[in-house]
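Shared between the two complexes below is chain A, which has chain B as its partner in the first and chain C in the second.
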Partner chain A sequence: MAKVTIDDITIDVPDGTSILAAARMIDEQHGTNIAPPTMCYYSKLKTTGGYCRTCIVTVEKGSEKDPRPMPKPVPSCRTNVMDGMVVRNTTSPELLEARAGVVEFLLINHPLDCPVCDQAGECHLQDLGYENGKEGTRYEFQRREFEPIDIGDKIKLHMNRCILCYRCVKTCEQITDGRVHGVINRGDHAEISTYIQNAIDNDFSGNVIDVCPVGALTDRTFRFKSRVWFTNPVDAHRDCNNEKCSGKTRLWMKGDDVLRVTARKDRWGEVEEFICNSCRFDHKKTSDWTIEGPSKISHHSVISQNHNELRKLQLGIHKQIKKLDGTKIDLGEGALNPNNIDK
Partner chain B sequence: MSKKLLLTYDHIPGINTLEVYRQNNGYKSLEKALKTMKPDDIVEEVKKSGLRGRGGAGFPTGMKWSFLAKPEGVPRHLVCNADESEPGTFKDRYLMERIPHLLIEGMIVSSFALGANTSYIYVRGEYFYIIKILQNAIKEAYAAGLLGKNILGSGYDLDLYVQPGGGAYICGEETALLESLEGKRGNPRLKPPFPAVAGLWGRPTVVNNVETIAAVVPIVNFGGDEYAKIGIGKSTGTKLISASGHINKPGVYEIELGVPVEEFIYSDEYCGGIRNGKKLKAVVAGGSSVPILPTELILTTAKGEPRLMSYESLSDGGFATGTMLGSGGFIAMDEDTSIVKNLFTFARFYHHESCGQCSPCREGTGWMEKILKKFIDGKATMSDIDLLWDVQSKIEGKTICPLGEAAAWPVAAAIRHFRHEFEEYVKNPQSIHDVKHYFRLNNLVEA
Partner chain C sequence: MQLTNRKKVVVKKEMSLAEKLYLPAITNGMVITMKHFFKKGATVRYPEVKREISETYRGQHVLKRDEQGAERCTACGLCAVACPAEAITMEAAERKKGEETLYREEKYAAVYEINMLRCIFCGLCEEACPKEAIFLTDRIVPTDLKRDEFVYGKDKLVEDINHRIDLSGRQTKEVLEFKKDKTKAHNQTWADKQKLLKENKHH
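Up next is the complex of A and B:
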């Protein structure tokens, strides 16, 4: 076990834990908010992390044995804790300034086309910008541009929005049989590409959409159907005949229509279990699914605004509304379902 | 004449052939090592010699070798980094072109010391003709029983391969080099683990510069203690310096570490002074990524002592008033040189060569180039100088590999020492192409 102190909170973690994992443990135990943001690290995939540099932290004291501070900020996702380590994240103004610099770098070539981007509302780059960035940009040059391309008939790649986190590359490497896409070119011309436009054709390829932190990889069966905050996420499952797929998914519903199916994500924005393409793309009828109930969506997400409560009413889980004066009104089942109101 | 250890015989015709090389004390160190020494003895001699990595970082070679993990049953590798691509550095090219057998001798001795049975020389792809030279030399060595099975009857086996690079500066970074050698995209790895523990194909690996490996030959021949007597302080031995720029005699010089910078620039033995009788304006002492220094700081330290060509003396004063020996790419600039234009060239290079793996370097290098282009186009404002400073500070220390720092340091140093010149580009955009204007500007500054 190693004792590590992050932002003045001490925790005992097993040896070999990363600083990031330790910070997430603290957040889970204490309800704090000290875990550094991540754009490229993905705990469900091996060898991710280290690229985006948003999770950098200052190590004030290396360990009990070697108390020297580390000379540079280190990526918390790929740096393991040592016994007696003291780490600063949100309590170091210099570090927050450095991170704001990283956020600025990630944004200077990003098109900021959120108004027409399907990812808006569930975009990690948006969250990162709001929480860790600065107002405005100092970049005054033309941004790099790529043409959007279709990766097969289900996935769209908008390279303009990509931040080169390599998550999709690692996903294809690790959970599909044989990767046919990767990164070509270098520097700020580097791009995700299927080699000579080879379509990704694989039972699990759709997961690249879920792991993409930005709107670079989007679901063509959902494109422009709805803003995510107008849809209601519910957890559902079905008997999937793909052995590797658990069939446990999240449906994004509007009324009784299933607009989109994704994997379930945890509080860190990572999928709990990868799902197969059949569940994701081919089962878009409510009758295909056994609905478990509204998904837990973090309060900081725009998607949580009213929709969970509304959805609970629609599903008849809440049958009461609390008025401002404290009195409660009983409602019939499905009373707030827009379909019922129309009738 | 100062002492020469590497380029003693470089002027002899035919020294690139095994026959002539052996007539001139070639492969003596190999015979000595295989017949009279144990591998650990060689490591000990290298430690005693105080030899420091000649690729740029200056890390003690003996220490690096002693970090090599030696698990049972796992092969180890020695990889020679000949991906010399730093602007201003061309010493390894000269050495490999003239005396290829010196490198091969060093490779065999070092591989023996490290217990490696398969070693690689990763050569920069643009050095195509050198690859042929090395291949020929290796063929000769195999034919003479100096490579392959049971070398010189000692029972030691070594296979040596030459691998051409694909034309990327980043593959000179040791972990990117290993990735490239494995046939992958040349992206630097995250450290730890270091190559000494998990390098090529996950096996313990030592990566050394060409000159470092060549220097093992005289160390074995004369002994580590003798080698340590050459040079000054912790900068032992000799160093190849690639001198370029506005000097009378550009070329590769072998110097004994500790030669005064002033002597190196002005003596006829080396650079022979500034060409056309001009005045020296600035020097980049160790390849394009080290901080540039103006004349007064390169000739003397901030304390007023004469600056010497050594690791310690050049870095005296930190980056505020010092620089680094780096890989020994010595670029001298005369009074007519535009620091801003020169910096733009460097920035363009680093932008082009960034691998694009981590965000600060991928985005920041391009941004810096674009801001500098504004200065060249006469469209910059005063706030752009501060912006440039801020951008470089946000790159430095935030990246996976040192390319981020290599891109940020020249920008920082140029602004630190030549801010007035950036301001001149803003105030007087019309006169920036006028050479005489620089002359006036410099008189103004010196007065």
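Up next is the complex of A and C:
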């Protein structure tokens, strides 16, 4: 076990835990918000992280045995904790300044076409820029431009928006068998590509859409159908024939229409379970699914503009109401459903 | 319980002869009425006469086109989510090859509707718009007899290409200055972008 202090909160974690994982543990235990943001690291995929430098932290004290501070900010996703380590993230102004610099670099070639992009509203780069970035840009050169490419008939690639996080490459490597796409060229010329726009037709290839932190890989079956904040996310499941797929998904509905199917995402924006292409692209009827209820969406997200939580209350899924003094009232199933009140 | 001292007790006293005739009261009333014939009226004869209104008056909306005539709206939905009256709805469509001079962005609004009965003319849509597409103008929404006539579609909202609406009075000096800077992507029309691409290829 190692004792690590992040932003003045101490936690005991197993040896070999990364600083990022320890920070997320603190957030889950204490309800704080100190975990650094991540763009390329993905806990569900191996060997991710270390590319984007978004999750940098300051190490004030290396360990109990060697208390010297680390000379530069370190990427928390790739740095393991040591016993007695003291780390600063949100409490270090220098670090936040450094992160603003990282955001500026990530946005150098980004077209900022959020009004057009289908990812807007659930985009990690948008959140990162809003929370950690600067207002203006200092970049005056021509941004690199690519034509959008169809990767198969279900996925659209906008290379303009890509930040080269390699998440999709790792997904194809680890979740699907036999990858047909990767990153070609180097440095400023690097781009995601399939060999001569080869279609990815593996059963799990659709997951690259979910892992993409920006709008570079988007769902063609949902293309320009609706902005995400005008749809209502509900959790649903079905018996999927594919043994590797759990069939547990999130449906993005408008009225009774299922506009899009995605995997369920946790509070870190990572999918809980990868889903197969059949669930994602081919089952877009409400009758295909057993609906469990509205998904929990953070009230910081623009998606909560559709008052999803209120609907949850009305449907009686929240059986308990917490009063201001902290006491709880049990209402019973469906108590606030207007249909039940009539009876 | 007495709450105020303003109550008045109604007295039913006997009326005098002059009061019983009612004539002085009627004349008094008529004098007041007649006076108004010679006063300046409170109303104007709209639509022949129009009142002077502010340059930034918030009247009927317009969906602007750019210098080239391409529709600026990209159906981003920010106006609709900003709208407190939920008066705006839209459906997006993808621009096809060859339509670049019709629509400015890759995505455009195929359907764009504002329910003028719901609209409260607060101007939040104008404020939310990232593309300088929707503006409120100094035009007054005309009356009609049917409710469905008030759901304005693109036919009524999009600016007529031959009768452009000048909105420079609604924008600050800083904005007008910024719009002159053609190196910013926000100010480039399709033709400008093509020209830039060609120049870059030469280098």
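Rule of thumb we're sticking to: the second predicted complex is superposed on the first by the 307 of 343 C-alpha atoms of A that agree within 3 Å, B and C clash if a C-alpha of one lies under 4 Å from a C-alpha of the other, contacts with A are read in each partner's own complex, and residues count from 1 in each chain.
Note that a contact is a pair of C-beta atoms (placed from the backbone, for glycine too) under 8 Å apart; a residue touches a chain by one contact, two chains touch by 3 or more.
Values in this document were obtained by computation on a predicted structure and should not be read as measured data.
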| field | When both partners are placed on the shared chain, which of chain B and chain C touches more of chain A | value | B
| message | Output check: A:Ile9 vs chain B and chain C. Expected answer is one of first, second, both, neither. What do you get? | response | neither
| request: Applying the touch criterion given at the start, work out whether A:Pro115 contacts chain B, chain C, both or neither, answering first, second, both or neither. | output: second
| task | Once the structures are superposed on A, label A:Arg227 by its partner contacts, choosing first (chain B), second (chain C), both or neither. | result | second
| query | Where does A:Val302 make contact in the superposed view: on chain B (first), on chain C (second), on both, or on neither? | reply | second
| task | Go through the superposed model and pick first if A:Tyr51 touches only chain B, second if only chain C, both, or neither. | result | first
| request: Could you say whether A:Leu164 touches chain B, chain C, both of them, or neither, answering first, second, both or neither? | output: first
| query | Once the two structures are fitted together, what part of chain A is touched by chain B and by chain C alike? | reply | none
| Quick one: in the complex, what on chain A touches chain B? | 49-54, 56, 71-73, 75, 78, 98, 101-102, 104-106, 108-109, 138-139, 141, 163-164, 166, 182-183, 185-190
| What part of chain A is in contact with chain C in the complex they form? | 111, 113-116, 120, 140, 142, 148, 223-227, 229-230, 302, 305
| query | What does chain C use to touch chain A in their complex? | reply | 74-78, 80-81, 92-94, 105-107, 130-131, 183, 185, 196, 200
| field | Residue ranges of chain B in contact with chain A within the complex | value | 168, 170, 185, 190, 351-360, 362-367, 370, 387, 390, 393-394, 397-400
